[in-house]
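Each chain carries a letter (A, B, C and D) given by its place in the written order, and its residues are counted from 1.
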Amino acid sequence: MLDAEFFRRWMTATSASVDREAERLTALDSPIGDADHGSNLQRGFTAVAAALEKEAPQTPGAVLTLAGRQLISTVGGASGPLYGTLLRRTGKALGDAGEVSADEFAQALRAGVDAVMTLGGAAPGDKTMIDALVPAVDALGDGFTAARAAAEEGALATTPLQARKGRASYLGERSIGHQDPGATSSALLIAGLVEAAGE
Amino acid sequence: MKMLINVAETVVADALRGMAAAHPELVVDVDNRVIVRRDAPVEGKVGLVSGGGSGHEPLHGGFVGPGMLSAACPGEVFTSPVPDQMLRAAAAVDSGAGVLFIVKNYTGDVLNFDMAAELAEDEGIQVAKVLVNDDVAVTDSLYTAGRRGTGATLFVEKIAGAAADEGQPLERVEAVGRQVNENSRSFGVALSACTTPAKGSPTFDLPPGELELGIGIHGEPGRERRAMMTSGEIAEFAVGAILDDMTPRNPVLVLVNGMGATPLLELYGFNAEVQRVLAQRGVSVAHTLVGNYVTSLDMAGASVTLCQVDQEMLRLWNAPVKTPGLRWGV
Amino acid sequence: MKMLINVAETVVADALRGMAAAHPELVVDVDNRVIVRRDAPVEGKVGLVSGGGSGHEPLHGGFVGPGMLSAACPGEVFTSPVPDQMLRAAAAVDSGAGVLFIVKNYTGDVLNFDMAAELAEDEGIQVAKVLVNDDVAVTDSLYTAGRRGTGATLFVEKIAGAAADEGQPLERVEAVGRQVNENSRSFGVALSACTTPAKGSPTFDLPPGELELGIGIHGEPGRERRAMMTSGEIAEFAVGAILDDMTPRNPVLVLVNGMGATPLLELYGFNAEVQRVLAQRGVSVAHTLVGNYVTSLDMAGASVTLCQVDQEMLRLWNAPVKTPGLRWGV
Amino acid sequence: MLDAEFFRRWMTATSASVDREAERLTALDSPIGDADHGSNLQRGFTAVAAALEKEAPQTPGAVLTLAGRQLISTVGGASGPLYGTLLRRTGKALGDAGEVSADEFAQALRAGVDAVMTLGGAAPGDKTMIDALVPAVDALGDGFTAARAAAEEGALATTPLQARKGRASYLGERSIGHQDPGATSSALLIAGLVEAAGE
């Protein structure tokens, strides 16, 4: 079973890896974007970590909805509302249980990812965060490590794609050959689950 | 790249402090990142709120004032602001007559303004929205996020601002804003990339002797890279791309806009070529604006925006405006 | 370096054609290189003529209009105009009340305006002259050409322009202009050199991580090169250099001026620091202007000008002005 | 004796050498000036050559006064009035004789150089065109070739000087170590005499 502490560790681990990888994320956002993805998420997850520290929410659902609200209020850009919605909707789906099973979490995360697809209108193959998130959710039944591998593979697989959503779509064919920054940060987010589980 | 800054993290806050000092006629809330005209809310008048990433100055903060925006929400550099800012701005400018959000068509701006609109309506503020998407360099199809909002934003904010200033109701102000957008088209070129404070190096490499055609205003590369062209050739390409997409029957407003680092001397020279091409193509010009209005940090280059105007739009364009970035008649 | 031009030889003529198209309220004589307000000569009023090398836009051509200059003479890039231009301008704006030449203190400008003054007087035009020399980076001694004229030119042109507009006689307009100059001081820094169309490469090498302190407006290096400083440190240095030279008793007008390629976002941030230093030093501020007004092509950097004003100067500063580059009250 | 034709050849030769050396003159004007000296003189001497062609003045004095007036009307900058005055005053000093002796010319040129010193206020050693012109006039008694050598030496000798006039003076000590562009173009002007004489 996964408790509030687990989800707090997930967010802290993600905040740390985003910090570590911020420059790389921004660099990926340069050739096909506007060079801000790393600093956007850094600002957001720093705020998430601070809010979790301060408000100390007691259930898995409360941890994630608070994190999502923080992202919406501090990130801006496309990724703010999208990641914010992902966590908020996942948190809402978890309800107010004190602990949730891995299965319940997998279902909730799928609800979150679906909400991102509805909000942003992206489908798999559009060269967005969805390309890492959907495979990760699909693999979650096989454990966090499998989900991490699927997310990383999904992120790498965005390179040959032509973008159909987000800024990169403005480039048309010139978007081909670059890895999507959002898919890359989604892989970091999923990797945070492995860390949180201490696997 | 060297910048005249303290540290990257405080660039937007520092600029807002500097704006506050230079423009006592504006209320600049540095902490909450909202710029509001001092006399807001103006009784009986629709409030106009816009915003977007910073780095496009004078857009949007420099267009706050009588006859144009009621408030602006500056995000981080090239990053859409967050819904909290827009909600705060809406609350500050709503006199009961409602608020018009003017949103450039970028995924981030659209999503954040949409969230803010929901929150504002929850608080009993009537909100309408005009989406600006004038950039013909982007194919508007299922396979893109749609056309970007660029230079036409200035025309939408000025003309809708004049309508609001006259006390026109929200639906009318919204309709006027939409009409301006529908009659506007832009095309931009870059001679250099720009450097964001966060990244500290140019957003893309552009070798000497090459230029980017069809760029936006966020340092992203354009649709195409070519061998360097003369100002006359660039004018033909840019105006040509616009006229391929729109055939003005009425006179046009022309914006020859610098991306930030191109000297005014060059912009005026470029304008001469733009006017030559327009005359050759039989397009009549009502008014021309040359300068740095919708910029992309320190990018070198320029964009052309044409806005086809009828008598009423032209009347609203000519109405008095008093903002840091655009001022006449008052 | 890439430029948005046709060929180097036509840069000034092209820009004048573009100005003509954008500003029907000005008469732009492209062949003779004179920009005159359309209603000149204005009966009974002193005519104000300035000019200098091109590349400083909007100075001077962008300051022609009611309440400021009557005419401007643009030279080649960074090259003083020739006496023929000034004579033509003087003849076009003289209503019989005389003409004031506003001359930035550079050997070329001084010599050419002096020759023009002689020629104009031969033609029966009464001419007076104000020399602008506000740049504290240059030691004024027998061993230099004297202090350069930079940012204060804007204040002289605006305030003397207002005096002329009120119908004050030539001696008074001249005296006001001198008073403004005597009460003004400037200091500039460059983060990059600029590139003239004729040369096509930067006028000097400035390695990453270094800046030039005490630059002028012609791409010349400054007095000193240092390791890159923060915006706050630069403000302390620039304001410090000015206050070492002048102790304002009255409030000051502040011009935080961009050299051309520094984004407005950075200029506002720099202004925040300038205002902080002024407050710390006990200098009170009457009004602040932030933007690209006296530029040096595509140079990155900024200058600070302080102009100490009494009530009368402030009144003239606030008087209406209607030019492409500066406009209010009308 | 030197006739109008000789002075016309002087101007044409100078126009050609200024064309050839324009980039170098502008380059010299970069580190201690504003990078326009070459294009300034190119514009001016092109106009001089055209005017001489068109108006075909018939006396030495008329050739040089016309050339001087053209420089004043087309060059601008510091060098326009200074070189314009040099040629105009030299021409005036030659009066309306149809031919002049080498001595008369040397005297007239000295009057021209004096006028430049009065107008610009520069003295020898101030790192200006004067540092090439004064030695040239002093050597003119020994012939054009000697004058050319003196002017070239004078131009080279400006390198170690600190400028006291013109833009370079703004640089203070940083003007040391650079050859003065105006002294360099003055050496070209004097070299034009040798060419005109066919020596």
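Please note the rule applied: a residue touches a chain if its C-beta (ideal position, glycine included) is under 8 Å from a C-beta of that chain, and two chains touch if they have at least 3 such contacts.
Worth saying up front: this structure is predicted, and the values here are computed from it rather than measured.
Chains that touch both chain A and chain B are absent from this assembly. Mean C-alpha positions place chain A and chain D at a centre distance of 73 Å. Once the centre of each chain is set as its mean CA position, chain B and chain C turn out to be 29 Å apart. Remark: chain B and chain D have CA centroids separated by 53 Å (rounded to whole angstrom). Contact of a single residue of chain C with at least two other chains is seen at positions 77.
According to the touch criterion at the top of this document, the contacting chain pairs are A-B, B-C, C-D. Residues of chain B that touch chain A in their complex: 8, 53, 75-84, 106-108, 111-112, 115, 137-139, 142-145, 148, 196, 198-199, 203-204, 216, 218-221, 223. Looking at the complex, you find that chain D touches chain C at residues 26-27, 30-36, 38-40, 43, 72-82, 119-120, 162, 164-167, 169-172, 174. The touching residues of chain B, when paired with chain C in their complex, are 1-7, 10-12, 14-19, 21-22, 54-55, 57-58, 62, 77, 191-192, 208-209, 211, 228, 230-232, 234, 256, 260-273, 275, 285, 288-290, 292, 295, 297-298, 300-302, 327-330.
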